[in-house]
Amino acid sequence: MSDELRVQGMDVYYGASQILFGIDLAVERGATVALLGRNGAGKSTTFKAIAGVAPPRAGRVFMREQDITGFAPYRIARRGIGYVPEDRQVFPEHSVEDNLRIGAKPGTDGAVHWTLERIFEVFPILSSMRGRMAGRLSGGEQQMLTIARTLMGNPDVILLDEPSEGLAPIIVQQIARLIATLRKEGVTILLAEQNMHFCIAVATSVAIIDKGQIVYRGSIEELKHNDDIKRRYLAV
Amino acid sequence: MTARLELILGAVFAAVLIAIGLSLGDKAVIDVLMRLSIFSLLALSLNILVGYTGLVSFGHAMFFGFGAYVFGLLMQTNAISIPAAAAVTLLATCVWGAVSGALCIRLTEIYFSFLTLAFQMLLYSVIAGWVSLTGGDQGLMGGIPRPPFLGIDLAQPRQLFVLTVIVSVLSALAIRQIVQSPFGYALRMIRDNAERARFLGVPVQRYKLQAFVLSGIFGSLAGILMSLYVSGAYPNFAFWTLSGDAIIMIVLGGITVFLGPVLGAVLFQFLNDYINRITEHHGMVMGVVLLVIVLGLRKGVLDVLDEWRQSRKPRPEAAP
Amino acid sequence: MTAISRTGLNRRTLMAGAAAGVLAAPHVSRGQGKEPIKIGMPTVLSGRFTVVGDSARGAAGLAIDAFNAAGGLDGRMIELVARDDKARPDEAARVVRELLNADGCHLLISSSTTAGAFAIQEVVRETGHLCIQTISETSSLTADPKIRLPNVFRGARQVVHDAIAGASYAAKVAKERGLKKWMTNSPDFAYGRDATGQFVESLKKIAPDTTIIGEAWPKFMAPDYTESLTQVLTSKPDALFTAHSGGDIVAFMDQAKLYNIFDKVPMFTPNLADLTSIKQIKKLPPDVRSGTRYLATYPDTAANHDWHDAYVKRNGGEPSNWSWETAAGTAFLLEAIKKTKSIDGKVLAEALRGMTIDSPFGIGGKLTMRAEDQTLINYAIGWGSVLAEPPYLKNIQDTDWSEIFHYETEWKKSKGFI
Amino acid sequence: MNFDALIDCFSASACVVTQISSGLIIGMLIFMVASGVTLIFGVLGVVNFAHGALYMLGAYFALTAYWVTDSFTVAVLAGAIGTGLFGVVFERLFISRVYGADVLSQLLVCYAFVLILDDAVKAIWGGDFLSMGMPEAFALPPLMIAGGFVPPFYAFLTAFAVASAIALAALLGLTRFGKIVRAAAVNRQMVGVLGINTSLVYALIFGLGAALAGAAGALAAPVRSATPGMGFDILIESFIVTVIGGMGSIAGAFVGAILIGMIRAFGTVGFPLATEGVTFAMMAVVLLVKPAGLFGKAGR
């Protein structure tokens, strides 16, 4: 299988300070890859760089073997990359439904897999709140909404930045189930997490980032048994 | 030590300016230098608010106009000497600054800007509408009497020139003292983060008000000098376009460096006068020059120079 | 120490800037051969009053071209240096100083609007240069002895003359037609207040049974007169006087047309019979009376037609009231230079006082610069009914200058000017 | 001051109707300009000090189109579309460079353009005032309503402005484009990440604001004479209206504009020399009592 998304030697700076150092990542089609790391390790920056929000200063980003480095965020999105930022960022004064409609666009193949109806099937909780202001939702509901809104754009790859952060365990479980559903739908997922257990539950392979560099790559099974790595790079 | 050195530098600078003006004996040079002194003072006074306190006033010309009119009207009574009239004018400015300032500083950002604009335009409507007192759109007519005092005769252009330069340089030094004082640093703290300043015990509102009044006093002083220079006062002095000009001056020169506004005033006056002389289409030329400066440099001239100088230094991280 | 070196650097920069400003000053004045006589002209060349500056510069240029073509002053040519004062008094003061001090102008033709004219008056009060005011019609400029200066002459009409001419005409019409209740609608600035106040004063004197039942003072250069026009509707006057001019009177009438206000109410204005205004009026109400501003056909003489044609040929557009005023002022100045062979302000002033010249704009082809208050008199002035096509004004009744002088003297006495 | 006149006016329906209609007309033209100012500020975060110059452009475009085609419809379209296109180019080339910059840089860029456009208009159309004259279709006697007078052109102008207001409200409130615009006003980056070209949205919004100003200029052309610098007064008035109504609020601009129109209309009867001062005083009072404006949301 070919790589859906590939990042090569990516350097990212904020102003004068370098945040990421030569990041290499590859996500195969249909896979769920977890990017694990502590707070401030560079997970969010990696995602922002891929999404075009914080363009890399060096290195390349390929989507389905096409170079999309330096593209504006909206063009990257139109290449099939859906980005769910860590701090949710719903449009607070728009209704749930309007949030979803703003995200709506056909996929790269021109087809619409995700309609409002399907979204409401997968996210029944949003269905009951479709008219409510997004700013009035709970944190978990907002998280669901951001994911759903990104799905409305029919992405081929979805970047999920810490979807479980700060949510009650029961909601985290719901999100884990959701990710499993998406995987079954054939959506390729890149997931940033601090929570290893969450990753073990949902991911197929894992990369660990520390101080802006990828320090480990392997399958979930390997990680489970590598206590050294877990101790060194993860808050376990 | 620094303060004394600055005083000496200021005195030398004033002396050089005066020497240039008097030795060339050219009225045009004296005119140019006087106007530059006055507008430099206006720009410097505005920068107390904009550059140091982070309050972008759109209404600074109200002080300029206020000073010019109050002083001019006092002098036209023929009952008061120039220093006394100036003192009364500055005192009145204090009161007006405190009243309008107390209201304006309750707001921040663009709302502060618009409220200062509103106060200025209120003053402008009074000046333009109260024709029997102010002469309306014709301005104060009949000239401003300049009776001699302490052996100084300001009706003599050269003496007026010397006085203008001295007053401007002294004011600049005073403003320098203010912004270098602990009070000045507190203002910067308010500018950078008012919440944090409040948390650290800075009486934010009181300091803002003081900055507003101080800025007004020096702006008013510039207005007094202007009314002496043109021997009159005109509603334009209190119009928002002059506030706009003052803002352009400080943005051109740079708001982070103390003398930025002075350079800006010089640049602006020079551009204005020179372009007006060489072409009738001065609007287009001036507009293009402004665009090049704003979009090209993205900062004032001295800001850029200062950054360039800082960047050449071997990374003194603790400099500011 | 950072602070010190920074200050030093900036002071150098500042000095360089100041020096550049100084150096830029003198180089403009160099010419070839005999040094030209420079006449500085502060005027409006940008913004809403551009038409004033264009008119004034075109008219002065026409006169100076002829002077130079005739050999100048013993071979010395005259150079006109027109500069924009942006219709701002402070800028006018600056520009005049610059013209005198940096450009080395010998004489001034001030073609600034009223506020600028007064500012210029203050500058030449100090410098003593000879100055001809050609645009400001505000009476006090020369009538008020506190403001009048021995070195300043007015080569323009004067509001009080216009007001008396207008009031005398209006009084006659009022008597014929029984127009008793009058309203005024004029811009709230020096000229507007002056023109209206003096008209009303004169009208009350000449026709005592008229009353003013309302006045409106829209902001000067207000783009919109709707609210003051609707006020006319509700007050229902017999006649209306307005001192709007230029583009403002055009907008005023366009807006009044929407209410058909002047279908019933006769309108009186000193300012409509001017080629630049009247041509812009697309629909003329039935009864509009105007004083003559500038018309090619008034005075209806060959000299005036020729001047009109020469002006159009040189400058393209039609001459305005400001054109003839500046032409008259310039003609006086040039005549004085010719006569005295001097450009000394005092000598010229002496010659100008009481001077009479041949001019297309005068009664019987003559204009006089009255000695006592150094202002233009005996210019052709009349009132008539406005027409939509040439000659634009019919049934013109010339104003008798002896009547103007009579009421002007009364007015001056009432103001304490004499 | 003449408060008796004001009381007289209020007791006569003719006067009330006439003055209200004149207040509406004044207000509606200001609204057309102010709605652009408030829209551009609300979405782009830029205080467009060049908006008055766009109004002027609209008038000149309309005049030229009217001379060429003799059709007022074409003139209004030319004013609106021409100015709108100019706005798009202006936004792309210049305004887009000062997003997120301090208000001072924005002010300067706009001021530079006011200078350039005023001068360009003078160079192209000349410095003389120009007048379009009333199009034939509107050269009708005024309508009588309850003893008051309302000219047909002003009725049309008011209807046009009200229709613009409704269309604008519908566009922003009901369409997907409007939803995107409002979302972009809150979080531009997130909208971009969802695959929407926000640069295009910004350009369109600026163009829309410019088109509104251009349409206002075109509508004013038959009754106001066009000169370089004619945008000056209406810019200040639309700022007052924007501040009173709330920066970013279209509804606020509408109410604010009517308010200012009424002050002008009735002020002329009661306090003719103080109307301008009163409008500024009102702006000051609103800023002090409710800095975000009558319809503004606090904390924007």
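Observations on the model:
Labels A, B, C and D are assigned to the chains in the order they are written; within every chain, residues are numbered from 1.
Quick note on the criterion: a contact is a pair of C-beta atoms (placed from the backbone, for glycine too) under 8 Å apart; a residue touches a chain by one contact, two chains touch by 3 or more.
The shown structure was predicted, so the numbers you read here are calculated from the model rather than taken from an experiment.
When chain centres are defined as mean Cα coordinates, A lies farthest from subunit C. Between the chain pairs B-D and C-D, more C-beta pairs are in contact across C-D. Chain centres here are Cα means. That of subunit B falls 33 Å from that of subunit D. If you average the CA atoms of subunit A and of subunit C, the two centres end up 74 Å from each other.
If you average the Cα atoms of subunit A and of subunit B, the two centres end up 54 Å apart. Computed centre separation for the pair subunit C/subunit D is 34 angstrom, with centres defined by C-alpha atoms. Counting partners per residue, subunit C has 45-46, 188 as the residues that reach two or more other chains. Shared interface positions of subunit A, i.e. residues touching 2 or more other chains, are not present. Among the residues of subunit B, those in touch with two or more other chains are 129, 282-283.
If you draw each protein chain as a dot and join the dots that touch, the picture is not a line, a loop, a star, or fully joined; it has some other shape. Inter-chain contacts, as defined above, occur between A-D, B-C, B-D, C-D. Subunit B meets subunit C in the complex at residues 2, 5-6, 9, 13, 16-17, 20, 24, 26-29, 31-33, 35-36, 129, 131, 136-139, 141-143, 157, 180, 226, 230-232, 234, 236-237, 257-260, 262-263, 266-267, 269-270, 273-274, 276-277, 280, 282-283, 302, 305-306, 309, 319.
Partner subunit B is touched in their complex by these residues of subunit C: 1-4, 6-11, 13-15, 17-18, 20-22, 24-26, 28, 45-46, 83-84, 88-91, 93-95, 97-98, 100-103, 114-115, 118-119, 122-123, 125-126, 138, 140, 146-147, 188-190, 193, 220. Residues 50, 56, 103, 106-107, 109-111, 113-115, 117-119, 121-122, 125-126, 129, 240, 244, 247-248, 251, 255, 281-284, 286-288, 290-291, 293-295, 298 of subunit B touch subunit D in their complex.
For subunit D in complex with subunit A, the touching residues are 176, 179-180, 182-183, 186-187, 189-199.
On the subunit D side of its complex with subunit C, the touching residues are 9, 12, 14-15, 18-19, 21-23, 25-26, 29, 118-119, 122, 126-134, 138-139, 141-142, 149, 151-154, 220, 222-230, 233-234, 264-265, 267-269, 272-273, 276.
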